[in-house]
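What follows is a pair of complexes built around subunit A, which joins subunit B in one and subunit C in the other.
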Partner chain A sequence: MNLLKEVFMKYGYFPGCSQTGSAKEYDISLRKVIEKLGVSFDEIEDWSCCGATSAHVTNHKLSTALAMRNIMLAEQQGMENIIAPCAACYNRLIMSQFEIANHSGIRKETEELLSASFQKDVKVFNVLELFLNIGIDKIIENRKRELNDLKVACYYGCLLVRPSGLTKFDDAEQPESMEKIAEATGAKTIDWNYKVECCGAAHSIARRDIVVDLSKKILDDAKYHGANVMIVACPMCHTNLDMRQRVMKRTYPEHEDFPVLYITELIGLALGMDEKELGIDLHFIDFNYKDLVPENSGVG
Partner chain B sequence: MKIGVFICHCGENISSTVDCPRVAKICESYPGVEYSVDYKYMCSDPGQNLIREAIQLYKLDAIVIGSCSPHMHERTFRNAAFSAGINPFMVEIANLREHCSWVHDDIESSTLKAIELVRMAIEKVKRDKPLSKINVPVTKRVLVIGGGIAGIQAALDVANAGYEVVLVEKEPSIGGHMSQLSETFPTLDCSQCILTPRMVEVHQHPKIKLLTYSEVVKVEGFIGNFKVTIKKKARHINEDLCSGCGMCISKCPIKKKAYNSFEEDLAFRSAVYIPFSQAIPNIPVIDETVCTYFQTGKCGMCLKVCDRGAINFDQKDTVMVADIGAIIVATGYKLYDIERKSADLKYKGYGEYGYGKYRDVIDGLQFERIASASGPTSGEMKRPSDGKEPKKIVFIQCVGSRDDSKGISYCSKICCMYTAKQAMLYRHKVHDGEAYVFYMDIRAGGKMYEEFVRRAIEEDKVKYIRGRVSRIYEENGKYIVKGEDTIAGMPVEIDADMVVLATAMIPQDNAPALARTIGIPYDKYGFFNESHPKLKPVESTTAGVFLAGACQSPKDIPESVAMASAAACKTIILLSSDTLEREPVVAKVNEDLCAGCFYCQKVCPFGAVEVKDVKDINGIVYKEVAFINQGVCQGCGTCTATCLSKSIELSGFNNEEIFAEIAAL
Partner chain C sequence: MSVNTLKETNKLLASFVPPASFTDEEQEPLNTSVQLHRHNIADEISERTFQDVSLCYQCGKCSSGCPVRYYMDIAPNKVVRLIQLGFYEEALKSSTPWLCAGCQTCSARCPKEFDLAKFMDAVREIAIEKGIEVKEKNILKFHKAFLDQIKSHGRSYEAGLVAEYKMKTLDLLQDVDSAPGMYLKGKLAILPHNIKDRKGVKSIFKKTSGK
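Then we have the complex of A and B:
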């Protein structure tokens, strides 16, 4: 039984570009956390761009082929399940798989472009699905401390649970899986309004004003509903919600810093790792769990 | 045997892709064919004359028509043949339109196919045998299922024509959804004022037997001769003794345990209750699920205060069987529920509108109760959460309707009108209030309907925004409605105090189950199917069962009433003769061959197969065989295909005939 579990728990890993750059801490914390939980993965060798934004807004064929190239590599390297921690990568990969499965023309075209044929069904998981697969109990079992003083706003953004016909693991409008995982760390979660609203995504580059407005609404609603930290599972969301708070302050001087963590960092904290180890010090908005603990509580 | 072949051009429907003269010419040479001709419109009067004259002139025994589908004109041609003196079942149709010209475009190959189709029909008609119609008696009593406005109208019309009616309603009172409405479009007359006199009329009509709090559990038999089993649920009140004084209701100590479904859950009701004060009959019901006596064996307050001794805790459900000649189904509709449903259900709910968690996001029927003078707020505009008067109200149309992603593709038809009415009523009650309507299109087809919507916009200053609402959430006691104004091309955000959703009309939950009980078909949503969308809109495909109102598709009051009267009229026609003629295309069992396995009984969708004892000369039963009731059999042929011993034959479609057709290919 254990042996079976071991086999199942081996995943292929598709980091995507963010994990090697702007979201390095997401990569670091993910690797550390799942190691602690007894899961291992192999990075897909020679992986490339997933075909996100710049490709899929300009050339449909290119974006499908880019995504499927990675799926093809995973298949060739004997991987049955792969993890795509970035919500945009996850979305591109499952969307391309859907198109390949449902449009024989696109399938043929893509196979010709890649000089390969897709045989096996490689399952792509996002980080929420990964932790649900590993099991909430596993997090509770390995917990070194309970993050009782956190009131967490779980932010899914637009891509993680959509389109609803494809991402079948949770409800597209009122998702709850991230809350379940966050509560396993001992933290409390809040009920709020903006968990699936758009953060502005790739407008971060060309139309910062849009991103600032949208992201501020998200942060404000979380604060209004009593959160003291937000968690995300998407590098793009994190960039907008964390890094753009500086610009936000220029437009809205009354804005107060609000920490935004990756879900993996939250779990890492519960598993006993410290902020530095998890890369939380790389964020633009500082976060230190000790700061949130009342002084006389003797915890932390 | 002399056969005549008649090839129809159907205008250009057939002749544009089939060379009709060539088909007719070739058929001339087939053995047995005495006469063959083509004509532009065979179904027209001159066309039918051509057939009649040819039959008489050439002394034909059988004819083959190459034309449209037999669904369309089989009857026409059979009648023509009959009037010229040949048996109507010596007529075969080769479907050259739906099966050939409409689905092909190459003239050469479709002409060849047409020739084959006609040849098959010729071979079949050679083996056809004359059949004669079956006569069955008629019970002159009508069952109406559902006591909403459609059922009430149908029952009254049939009863006024002098026939007996049994009206079955599952709720404790008749009246249906119409009794819940405040005012009705486009005249704004009070719904109850026009409905309750009709309810009383039903109650007092000597020809109508009213069975409320009752359900149809079984339907057996066939047109003119149904046997219907009706379950009358226990009210725990003796209907003969109760005077409707209401003492039990006012003294019932259970006040806040059960929601009042007549008030759309906006109020509570006691354990012993009548749904509303004008209920017909004015006899309460005890709800066992909340009544203290039924839960703990104590209390019995109603028993003490009832001076007529009408309370009867021991009353049990009763079952009765009625002989019925025809059935009118008028079970109405319910509203789409925006609450979260499990993923396997076809209706997905509205997460973007909070899955029903916001108390002031209500549906159209709830608004009707708030606007109604007899409702929980006595007609004052108060929102459910805190009873405050909403100063800004948003109506959203097409919630569920016209939205494949929510499981419904159709238009619910009445929402444009009732939303305009509700917005108007709101503005009449709250003069300083703002009313917004989000719409996709305004579909106001109907007498004085468009004018009514214009009145809402122009006189009552209701603000119409064309676009969908993507999200509703609560913030500081307000409901933030985020949507799009597609005319301005801008996103809009409205901080409303209350939101009214025009949720889709869907069939009652038990509609498919009831359809199976009665034996009528229904569509993928659960609406009952009419026999023909244009020419038989109130008939179901099961003989003797008629449809009225929103159980067939979304309808407003005038349409439901019109359909109910039409169904009543069809029923009256049916009952006007003492016997009925049935088509003789029915299955027959060869009793010598039948092994008595009764697989046919299991597969028969109409329950036409009975068990028959075969007796020897001394009257002793020596085997059981299947017997097919010719009145019930619809001639579908399922039993024929299933029969292991090949002992069932379908008249007009027997093995010899079918094999001859295949062999002619």
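Then we have the complex of A and C:
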């Protein structure tokens, strides 16, 4: 049984492009946290971009082939379970797998493009599924401090929970898995309205105005419902919600900074790591847990 | 309704005389080589997306939940209606498919389980293939610049993407405020991460887009 668990706790890893650049801290914190929880990753050798939004909105064949190239590599490298921490990569990978499995024409076409044939079933997990697989108990067991002073708004965004037929791990409209994980850190979670509302995603550069409006609504709703921090599990959401707050102040001068963390950073804080170690200092909006602890409370 | 039934319906529709505003003489030529309304784009979309466009019965739930509806020129459900009725030019020229963020809220909520996000993908794809002038030019330029990085390096290269996008749009001032911050935080790599099998990735591009 232990052996089985050990085998299961080794995952193939598809970092995704953001993880090597704008979401560096997501990669850093994820690797540190899973190490503490006794899980190991094998990065897919020579992985490439999943095609992201740009491929699937312009060329369907290209998008399926780019995503499946990575599944092909995982299969060739003997991986059965892989983790895709970026919600957009996760979505592209499972959508492409679905199309390959259900439409023989697309399967044939993609196999020809990649000069490969897909034999085995490679299961792709997102970060929420990873922590559910590891077990909430494991986080509680390894907890070095309880983050009692955090009131967390769990933001899922679009691509973790949709399409609902494929991302079966949680509900598409009222998901709760991120709350369960966040509560394991001792933090409180809030009820709010915009947990699956879109932040504008890939329009971040070409239509920044839209992203600023949508992200502002999301941040405001979280504040209104009493949150003092937001957590996300997607590099694109983080860029829009964290970095874009700078521009937001130009359109909405009354806007006040609101910290946005990756879920892995929240867990890392509970496991006893500090902000710098987790890369939280790389965010555009500062966050320091000590600032949220009321003075003389003796914790934190 | 199957795709076949749709074909029959469209045949019937084609036998009607189109409204005056939609005949060749009256219509300002969109692209002289393409007479859009003579191609059956509704069938084309049904086939590409494995779902019948006539499934949509216009309840409007998609548009009411769409986070970017406010910025679009035509509501998403109306784009479906235009395609159903054969007003292809209006649909393909609309800003709606380009502003669609692909969040799939519509697809998740549709009572007919019509995947509108996938429908929008097909509309965009066809608009590009037919050489339609895109209303949201910068969005298309962004996607092209993004894909160019993948084609060259195998992975996204953010500094290259921003540089190419700026060259394409000549919007040189945007993000001058964020880029230095990203660079100082070590988030904006100066050099690209090149994968080993760049040839393999290039060949996927070549075979799927012909360049």
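Everything that follows uses one rule, which is that the second predicted complex is superposed on the first by the 300 of 300 C-alpha atoms of A that agree within 3 Å, B and C clash if a C-alpha of one lies under 4 Å from a C-alpha of the other, contacts with A are read in each partner's own complex, and residues count from 1 in each chain.
Here is the rule we go by: a residue touches a chain if its C-beta (ideal position, glycine included) is under 8 Å from a C-beta of that chain, and two chains touch if they have at least 3 such contacts.
Note that the structure is predicted; figures quoted are calculated from it, not measured.
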Given the superposition on subunit A, are subunit B and subunit C in a clash or a fit?
clash
Look at A:N193 in the shared chain and tell me whether it touches subunit B only, subunit C only, both, or neither; answer first, second, both or neither.
first
Between subunit B (first) and subunit C (second), which does A:D171 come into contact with in this model arrangement: first, second, both, or neither?
first
Subunit B or subunit C: which reaches more residues on subunit A?
C
Based on the superposed arrangement, let me know which partner A:K120 touches: subunit B (first), subunit C (second), both, or neither?
neither
Is A:R208 touching the first partner subunit B, the second partner subunit C, both, or neither of them?
second
Where subunit A meets both subunit C and subunit B, residue numbers
164, 172-173, 197
Taking the complex as given, what residues does subunit C use to touch subunit A?
48, 50, 67-68, 71, 99, 101-105, 107-108, 115, 117, 120-122, 124-125, 128, 136, 138-144, 146-147, 150, 154-156, 158, 162, 165, 174-175, 177-178, 181-182, 185-189, 193, 195-197, 200-201, 204-205, 207-209
For a test of understanding, state which residues of subunit A touch subunit C in their complex under the given definition.
17-18, 20-22, 24, 46-49, 51-62, 65-66, 69, 103, 113-114, 157-159, 162-164, 172-173, 196-198, 200-203, 205-208, 210, 214, 243, 246-247, 282, 284
Name, in rising order, each residue of subunit A that touches subunit B in their complex.
164, 168, 171-174, 193, 197, 221, 224
So, in the complex, the side of subunit B touching subunit A is made of residues 340, 343, 350-352, 354-355, 405, 471, 473-475, 480
